[in-house]
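Shared between the two complexes below is chain A, which pairs with chain B and chain C, respectively.
Moving on, here comes the complex of A and B:
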């Protein structure tokens, strides 16, 4: 009796465990391990392959590589901050100001663009912004511009595109955390003499910190690892680190170098997130909850 | 006595719905004033008008003779203790109490001094470093009050702050709160639906029903001479007996109950608009087996339906003779009535002065009654 009970528990455990394990191991862990192995391989002058740190050394010795990374990281942090600044009032409006009926409608408006793939959305922006695009046509026809201006292929457009494509991933965790906030906290602060700005600084933002951090991590990682938006909207002037990896792997066919860059990206972005969590005194566990 | 809070003809409407209708009252300096009413009677709306979260539709609110209309909540000399306290969970106890002081531009030693003094006053010295989720319900209560009192408000508003506590602690906090109020001398305006809280703590109680004050009096007056059917039912316990009032030759008024007997009433009744009245009889005003000699004493024959033993709060459930109604009577635990049991026929009596009588009205205090 006892044994059969144990057996059924084991059996059902494996039914659920095996798909998860296979998925994790075959599709995530195994390819990563292979890439890790490749990142330490290289060929010397005589064409002999062997273990080497050259791939990683190249990242530091060639300024173009680490400068691209620094640029990517700084822009990603900047984009994350812009997204946060826009998402905070939006999430606050949806959870605390808007009436119950409008809330659902607003959420749908925010969600609908994400039913379309990122590629289509970026092309949509390109149709709007390019030299012969809708916006230029409109501005020249009402006489604000004399000749059409190329609005694509610069950093500002790229940042705008990145902000647009990642906004949802900041708003959703913020709505989650703000919904759990008792309205009386804001009223209490107001009652105790706080002005509107002080309430934001001392009550709403500290309370929303776990949501802010988890949203920021998602947005930062998405921006740092995005390829489409910087490539299409930023053009050749806005080099992104993912493009370096793509170039190594697809254009130069140097998979070892590309793998090493991939791990550098993983390592450095983890370091940045760890630093951000330390600086804001946030607990990792409360952020991922 | 100086008037701290004066509310004049205050009305608050939400669309077509009038939550507070033409309410006026004054609170003297240092008094404990309670607004007592069932849920949905408009008492929270009234309080939020005073705190400044709502703007009145009509009427005025004056605090220390200064008009408050149009003044933001953060600029009013009143503070509100919220129903669920609204302590800031991301701050510790010290930061919670210091919040208001810092908003006034105080800093450093001055704040620490005041916070520590306040903590000592509410009996929680050394609690400054504790987090909000580390302290008990009763302690949270005191921190929430300390957070307001440290700002030295002219009026402290309390929105049913004891509602979330369990019964035993609530009893304890009632006394604590009254003691604290006497000690600090701040004017308290307290709203509650619990008549016992209001009676124990207050100097004056206003009974509120559907947006209006039914009666504003001391707890004793409210209990002994309610001015309306609603107050009689809401304050304390009462038996409600449907009676017909008539006048006898001697000029005395009698109430005829459905058991066929007449019971003497005190006071004068206007019988022009019908004689259907409700007589209210407090369980604790009724004497079991009254002495026979006093003619003025009303006596009723009853059958014991059940003995409801509840320690010092024990009651008898009686059925008056020739009726199927029920009557609840206090049962003193003096061993004298221990023999009573189901089916016994007994006499009960009451002094006419303890019963009150109002024109029949369908007042529903709670939906389920």
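Moving on, here comes the complex of A and C:
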């Protein structure tokens, strides 16, 4: 009896394990290794293919490539910080300030834009902001502007767009951690005479750290890997690194160069996440839960 | 500061003002998009030229509404098929993965858990190109070594499905794990004592308990697949999904037919999201 039960348990293990293994191995591990392998392949002047560092050499020798790379990284960190600054008070309001009657409603309504495709949200901003857009029509008709101004295709608009499309991925984990925070902590600090800023600095932010980290990681990854928002709102000046990958893969059909760029992006994202976890002394397991 | 503490008037007013501004920021683009779907104009912009339903039902030749727009209707159909395939597969694999990580113990479990999480921190663009390269290499191998031509490995429907499946399954797994974690395993032990085997227990007890999260995971997977662009763009053939098709129109400028598509999508996704949320919440309340 006991033995047969054990055997069925082992059997069930394989029923769970094999599909999951196939998924992770065939669609994640092997493709990433192939990406790495392809990035070291290339053809020379005589059309012979072989192992080469040319794809990486091209990255470091062409300023346009590595400047775009650095710019994308710096902007992604910047966007993540702005998102955090906006999301903290919003999540706090929903979980701790708003009356209980409307918290449920606010939580539903805050999630709705999160489900709408990124493309449609960006499109909404485009018809609001472009030269013939709604905002320009409004401002010229009430006389603030004499002639319509092109508000799209600059860095500020692009950053705003990136903040907009990724913000909810910060708010949701923040609401998650703040919901479980005991109000008594804040009440006690208040009774002991702590100022609001002190309460934020010494109680709310340290308590929310796991949520802040998981939200920041997701937002950072989404911004770094974003293609639609920089492309449509930043226009030709956006210089986003995913666009370089897209150009190599689809326009120039240079898959080896594209693979090298892809691998650089993967390296950069892993490195920054690792650094962020190290600096804040968080364990990845507590962050992903 | 919080509900139970006294607040100064100025502080409350400032905070409320901030939240109102935030929600305006959140909804302005969506509302403008939806409203302009009904503007009787050839361009998705103001001035308001009167109310029309032409961008939904117009038969042309000047205004072709969404219900007569062949190319967009076709891409909507493709997106539905992709999303259905992806969410079905992702739900099955996600459920298996949830059982694997919650109920089994094995060597390198942490390592596999880390691998399972990885797809959400790998940018979608990279998933797209790596799967494209890998499928291409494997396809070439089969063709050169074995003389077999495998259509699935070329850009097209199934490669898009595989690409989206690779990271959406992680999301479904996390959704189901969250509920499985709250499961009271004494229920399983009771069933074992009554003579059930492992699969009977899973089928009659654990899966019944997991049903809300399985349905929720399916809905999340469906929506994520339906709106995916970054991974899909590298794997798609001439059979474009809706986001790909819309992207080209948005970039090059188009008639307000995009607004009418957006209107329908916003409406549909909001309804699904709200139903999903309320059903999930009710089921949760009953369970606890």
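Keep this in mind: the second predicted complex is superposed on the first by the 286 of 289 C-alpha atoms of A that agree within 3 Å, B and C clash if a C-alpha of one lies under 4 Å from a C-alpha of the other, contacts with A are read in each partner's own complex, and residues count from 1 in each chain.
Heads up, the rule we're going with is that contacts are C-beta pairs under 8 Å (C-beta built on N, C-alpha and C of every residue); 3 or more make two chains touch, one makes a residue touch a chain.
Quick caveat, the model's predicted, so the values are computed rather than measured.
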| item | value |
| --- | --- |
| Superposed partners chain B and chain C on chain A - clash or fit | fit |
| First (chain B), second (chain C), both or neither touched by A:118 | second |
| Which superposed partner A:132 touches (first chain B, second chain C, both, neither) | second |
| Which superposed partner A:30 touches (first chain B, second chain C, both, neither) | second |
| Touching partner for A:110 - first (chain B), second (chain C), both, neither | second |
| First (chain B), second (chain C), both or neither touched by A:227 | second |
| A:190 touches, of chain B and chain C: first, second, both or neither? | both |
| Touched partner set for A:182, first chain B, second chain C, both or neither | first |
| Superposed arrangement, angle subtended at the Cα centre of chain A by chain B and chain C, nearest 10 degrees | 90 |
| Per-residue contact with chain A, leading partner among chain C and chain B | C |
| First (chain B), second (chain C), both or neither touched by A:12 | second |
| CA minimum distance (chain B, chain C), superposed complexes, angstrom | 5 |
| Common ground on chain A, meaning residues reached by chain C in one complex and by chain B in the other | 187, 190 |
| Complex interface listing, chain A residues touching chain C | 8-9, 11-13, 15-17, 19-21, 23-24, 27-32, 34-35, 38, 86, 89-90, 93, 96-100, 108-128, 130, 132-134, 137-138, 164, 183, 186-187, 190, 196, 199, 217-218, 221, 224-228, 231-232, 242, 245-246, 249-250, 255, 258-259, 262, 265-266, 269-270, 273, 284, 288 |
| Sites on chain C touched by chain A in the complex | 1-5, 11, 15, 18-19, 22-23, 25-30, 32-33, 36, 43-47, 92-93, 96-97, 99-100, 104, 106, 112, 114-127, 129-134, 136-137, 162, 165-166, 169, 197-199, 202, 223, 226-227, 229-230, 233-234, 243, 246-247, 250-251, 258-259, 262, 265-266, 269-270, 272-274, 277 |
| Footprint of chain B on chain A - complex, ascending | 182, 184-185, 187-195, 198, 202-203, 206-207, 209 |
| For the chain B and chain A complex, residues of the former touching the latter | 51-53, 72-75, 79-80, 82-84, 86, 88-91, 99-100, 103-104, 147-148, 151 |
